[in-house]
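The two complexes that follow have subunit A in common; it is paired with subunit B in the first and with subunit C in the second.
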Partner chain A sequence: MKTITFDQIKFSTIALEMDEIIPDTVYDWTEDDFAKYQVPIGNSRFPITDFFDITVEGEAESAAEVKMIFKGDLNRTKYIGSKMSAGEIYCYGNVDLHVGAEMSGGYIYVEGNAAAHAGREMSGGKLEITGNTKEFTGASYIGEWRGMSGGEIIVHGNAGKQCGECLVGGKIRVKGDCDILAGIHMTKGLIEIDGNVNRWPGGQMKNGNIVVHGHLGRLLEGFVLQGVVVDPVVDGEQFEGKYIHYVGDIGLNGKGSLYLGAETNREKLGEYGEHDDEYTSIREYRNLE
Partner chain B sequence: MTYEPPITDYDHIVENCTCAFCGCNCDDLDYLVKDGHVVAVRHACRLGASKIMEDMDQRLLVPMIRDEDGELKEVDWDTALDTAAEYIANSIRPVFYGWSETSTECMKEGVELGEYIGAVLDNQATICHGPSLQAVQNAGYPIQTLGEVQNRADMCVYSGSNAMNSHPRHMARYAVFCRGYFRQRGRFDRTVVTMDPKFSDTAKMSDKWIGFEQNGDYGFYNAIRAVLKGKELYQDVISGIPKEDIYELAEEMKNAEFGVLFFGLGLTHTLGKQRNIDIAIKMVQDLNKFSKWGLTPMRGHFNVNGFNIFMAFHTGFAFGVDFCRGYARYMMGETNTIDLLVRKEPDCFMVIAADPGAHFPNGANQHLADIPVIQIDIHWGPSTELADVVLPGSFIAVECGGTSYRMDGVPIWMKKAIDKPETCRDDEWIVRELKERVMKLREEPNVLDAYEVNPNIL
Partner chain C sequence: MEYILKNGIVYDPTNKVAGEKKDVMFKDAKIVEDVSSDAKVIDVTDKIVMPAGVDPHAHVAGPKLVVGRLYRPEDSRRGVTAKTKYIRGEAGFSIPSCPTTGYRYSRLGYGTVVEAAMPPLEAKHTHEEISITPNIDIPALPLFGNNWFCMEYAKENNLEDMAAYVSAMLKITKGYGIKIVNPCGSEAWGWGMNVHGVNDKAPYFDVTSKELIIALAKVNEMLGLPHSIHIHPNDLGHPGNVPTTLETLDAVKNIKKSSKATIRDQVVHCTHLQFHSYTGNSWKDAASGAEEVAKYVNSHDHMTCDVGQVTLDETTTMTADAPMEYDLFKISGLKWANKDIECETAAGIIPCIYSGSAPVSTLQWAIGLELFLHIDNPWQVCLTTDHPNAGPFIRYPRIMSWLMSSKRRMEMIDNGEVHKWAHKRTTLATLDREYDFNDIAIISRAAPAKIHGFADRGALTPGYRADIAVYDINPNEIDPSVQYEEIEKGFSNALYTIKDGQFVVKDKEVVMNKESQNIWVNVKGYEREEEKVINDIMPFFTQYYSVKWENYPVHDHYVSNPIVVDVER
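Our next item is the complex of A and B:
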């Protein structure tokens, strides 16, 4: 196992782009190699050792045997773990844009907040963020219709707007609240939100699943109520309790599923009549009190 | 309103000039010229006429450099251009912002300079119709020309746009009141709908006002789409609008022979941003299954669309194009001017034909006060107070010719009507001079110091 530690010694207001420093490329680098490397900053390149004190311990035969540790204020360090396929990256401090973008394997741990586009278009691996994320977590590049396609993102805090935009696979779990339009245009995969959602989850979704345990502020008209379901199995995962099940977005003839925690969203059942088949009767559910 | 007698004291008339105010680019103006100045404008709206006539008010006439005492001092052109070129050549995160009130020919020089130095090129779309351009990249662009609207449209919908105030001749010349080949009775042959939380002046002129609640745009459009797909609405009121009104509106839109959706910043900058436009485009696509529909963004500056079309043609991205790694890239929140300034990244800022000092948020302007700012403009404004080098340009469509793109993407040649002040230069010439001087100072496109690339780098 090789451990590479980046201790920040100087903060640059112009962002450092770290897309070339991933386990796949540096698994056989020595401290001398890092001393020769120049990191892109703006339209120029500067020695990375001007900004980080880098120590290398151990040996590695492949990227999977590399553990990278970043310490310091990483608010201007972009593309950490971008396009990595194996290995581990640990960041102690808030990180800048595109952490874990297009990663296909490995593990990234961020102790702090992440800026926008975390896990953009990732296809594998795991990204764990202990704080909050800004907009477009697990989303797509602008103009692209395919966002995150595999792997897992866990956000222990809150997630910003359009989390899981154009999701085509994988799982995003937000343990806090989520802003508007989570899972917009998604076609596959699972978004699980423990907290509350502002409004409009699943706008123009074609398929896939969104589970909201907390309260939803406003639901789109494009979702058709199916009924109340008990202990649903969604994407191979069982969720305990009662959930209101919607299908949409009908504007796209979508068949995506939106599950809202029944207890926290009870008022949404106000105007509906009887439902049966595999669902619990809504009238019966109202009388469950 | 006081009576203004017609201007009769003029030397000659320059006919068929093009207005350099809003995205309508009205090309039927007549300039009345006396002693080398435009003293009156025929056919223009008040906004356009006042801009064209008051060209000498607070006019920048000579190049200036800010001295050590913080005062702008007049200098010769060579000194000003050399100083500006030095700022650009020595920067590692330059941003060139503006371009919407200059010619497309000038943009060509700007892109060459930006690509060479590795700069970010951005225009006013970053604070206006940027979300529209992002949505267009995602969802396509069912567009029609304003000529088609004039001759064919029998239903015009203004969403989040107050055309009566922002584009005064839009309704008169292109969309509502004008007569067309298939709309011989003008206004009487057209249905006008305004969707806006405010009962605006445009709403007053409309047959129907849909006053949905603020930030309710996305939910409202989603409901229309659901109705177009034949779905029953389950809520009685959606985004503040009774569902019966939505059924009625959807039916009217389906039955139109040729409908157009004009949208403004009321749609692009409410909650949902580019996704509001995204769903509006999708709604228009749905409507095309029943009838012929198109949509057009109500662009503000006369050539803001030109920059976006030009950049999309050259680089694949409409605005906020970052060349710092030697190739074009764009990412919202990362390569847009406001984001860069608020993050305090730029170390040199060139503003051409724009006024960030007046329009940018405080945080962005604070950073502008800390870095070298080069201004190319014709009038003194808040940005001049932030500028370290001031290069006086010339007024496109009045003092020099150039190409502009109308809001519907139609290119229009804007001809010269009068001579520019002797001490001023054309924008195109200034940017070309800067480019040549920067190339002399910085012989290689990027400052890539000698460095052995590790063969393991993918």
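Our next item is the complex of A and C:
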């Protein structure tokens, strides 16, 4: 196992781009190799050793045997772990844009917050963020219609807007709250949100699943109530308890599923009439005490 | 400055040189027969030397490219490279930035690219883009196939006024020839419709596609333009469109070529013929019509074509055939842009994923190759991908490798790289013809130059522009049938590309940002008629166009360094 430690010694106000420094490329690098390497910053390159004190311990014969540790203020360090296929990266501090973007394997741990595009278009591996993420977590690049396709993202804090946009596979778990339009345009995969959701999850979704345990502020009109389900199995995973099940977005003839925690979203059932036979299970649920 | 390219193996089909070891000399910007003893000698022993490539049909400049780049930022991040000492950074795959387009053509050894669709109303912007695309000369073809004035003239059979109008428009747009896209169909799209077949009439104008094509073809020959009409027929991409294609070509077969057009032989150039060679009634029973279409080409010398070969990539389609783009949108559901160009044309843009595992993509791929292999005379067929519609132009070397190796084609069919429709619905698997280097030189430079009537490029004739490509391929040692990967690699990156006597690629690296030149046709002798026609259309123009006439023409400062081809009446 090779451990490469990056101790920050200088902060750059222009972002460092680290997509060339991933386990796949540096597994056989020595400290001398790092000393020769120049990191892209804006439209120029500078020695990486101007910014980090780099120590290399141990040996590795492949990317899977590499553990990279970043320490310091990484708020202006972009593309950490971007396109990596194996190995581990640990970041102790907030990270900038595109952490884990397009990664296909391995593990990234961020102790802190991540800026936008965390796990963008990742196809495998695991990305774990202890703090919050900004916009487009696990989403597609701007304009692209294929977002995250595999792997897992866990956000222990809150996620920003359009989390899981264009999701085509994989799982995103947000343990905090989620901002608007989670899972917009998604076609496959699972987004699980423990906290509350602001508005409009699943806009224009064609397929896939969104599970919201907390309270949903506003539902889009394109979702059709199916009923209340108990202990639903979603994407092979069982969720205990009662959930209100919607299908949408019918605006795109979508067949995606949205599950809302029934207890936390109970008021959503009030708008349906007592005598509406279609929603028997709902009426029964509402009358349950 | 004088140079000798020494001991190269030269393919110059125009001058009937096919793989001869000889020296090519140039002085300043021109090919010469002899140079002084001071000439610098470049040793190109056992390397292929050809005239620089000529792309007869691509979409490289203009407003639809801008829309494509704006709404496909995800394409711009593909192929990103950093700037070098000589050139700017590159970006984009199917719709690269303007400088990137120039650099990549230079790497392929190309020197001239015809922008195949310029809406007159957007001509200024087209020329702005041409001016920032380095290293290649770019003539642009203005669109006439859905122009309201042209449809009126065709309905009245008023060819005199139509000729004056076309002549004026070539000056106004700084255009090179007559482009016709889905005649009457794009106008019908303004009414939410399309035309099917050549005998459908455009709504309101009461003129058929066939009448319009014949009128424009006659006008083309009346004016004696260097290029023939350049047509994208009706029903592009529709199963069962072969009859429309053949009827379109047949409609102009009796039109006599102008005696002023001394370089070309044809009176009609049919572009991206692959998209017009489908049989069947729907995609369920669609099959190849390439053999039937090729049979027509082989028995008629009034026409030429380019193929529009599908490259099995994810790309961006963009065309003035807006209703076809809507059809494509309905099939794929991908993001779609639609544009109306007032009284002239329309446009649509949509991403397209051509995949070897998809039956339709495979069928299109196979039909393109069938056309290349069924058409006997390589001077009648040109190498294109209708960039970016069937794939990006950077795939030309790959297509060359497919054409030169039946083994490779069969490998793709046999090992499942392409869908079984290639075998079941086309004749590709039965074709063992293989192109040689001379054939490649014909379809990629000599024939396109001849078809467009270029009198200064596409050959290594003394007096011609010193546009030359040298490839690091030894034709005496390589077996293209087996070493197809080497063929693709060799043609992908020229050892030297020389444009107007200047080395834009040296040792496989782009080393120069050379200012591009627009080529446009200036018809002389119609000035009085042009003035009359402009006066005639002015009330209509003022009423219906959103710009003033004074702002309509492409002023000289938009075309800073043009090559003007004068055509006398």
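Everything that follows uses one rule, which is that the second predicted complex is superposed on the first by the 281 of 289 C-alpha atoms of A that agree within 3 Å, B and C clash if a C-alpha of one lies under 4 Å from a C-alpha of the other, contacts with A are read in each partner's own complex, and residues count from 1 in each chain.
Just so it is clear, a residue touches a chain if its C-beta (ideal position, glycine included) is under 8 Å from a C-beta of that chain, and two chains touch if they have at least 3 such contacts.
Computed from a prediction, not measured in an experiment: that's the story for all the values here.
With subunit A as the common reference, subunit B cannot sit beside subunit C without a clash. Contact with neither subunit B nor subunit C is seen for A:F11 once the two complexes are overlaid on the shared chain. Of the two partner chains placed around the shared chain by superposition, subunit B and subunit C are both touched by A:I142.
When the two complexes are overlaid on their common chain A, residue A:R76 makes contact with subunit B while staying clear of subunit C. Legend: residue contacts after superposition of the two complexes on their common chain; A:N43 is shown touching both subunit B and subunit C.
For subunit A, the partner touching the most residues, choosing from subunit B and subunit C, is B.
With the complexes overlaid on chain A C-alpha atoms, the stretch of subunit B that clashes with subunit C is 309-317, out of 309-317, 381-389 or 435-443. Shared contact residues of subunit A with subunit B and subunit C: 40, 43, 141-143, 145. Contact residues on subunit A toward subunit B in their complex (touch as defined above): 13-15, 17, 20, 24-29, 33, 36-38, 40-45, 76, 78, 83, 97, 115-117, 134-136, 141-143, 145, 162, 180-181, 184, 199-200, 203-204, 218, 220-222, 224-225, 249-253, 271-272. Residues of subunit A touching subunit C in their complex: 40, 43, 140-145. Contact residues on subunit C toward subunit A in their complex (touch as defined above): 71-75, 77, 82-83, 334-335. Interface of subunit B with subunit A (complex): residues 91-94, 117-119, 134, 137-138, 218-219, 222-223, 225-226, 228-229, 231, 233-235, 238, 271-272, 275, 278-279, 282, 286, 323-325, 330-334, 343-345, 347, 446-449, 451-452, 454, 456-458.
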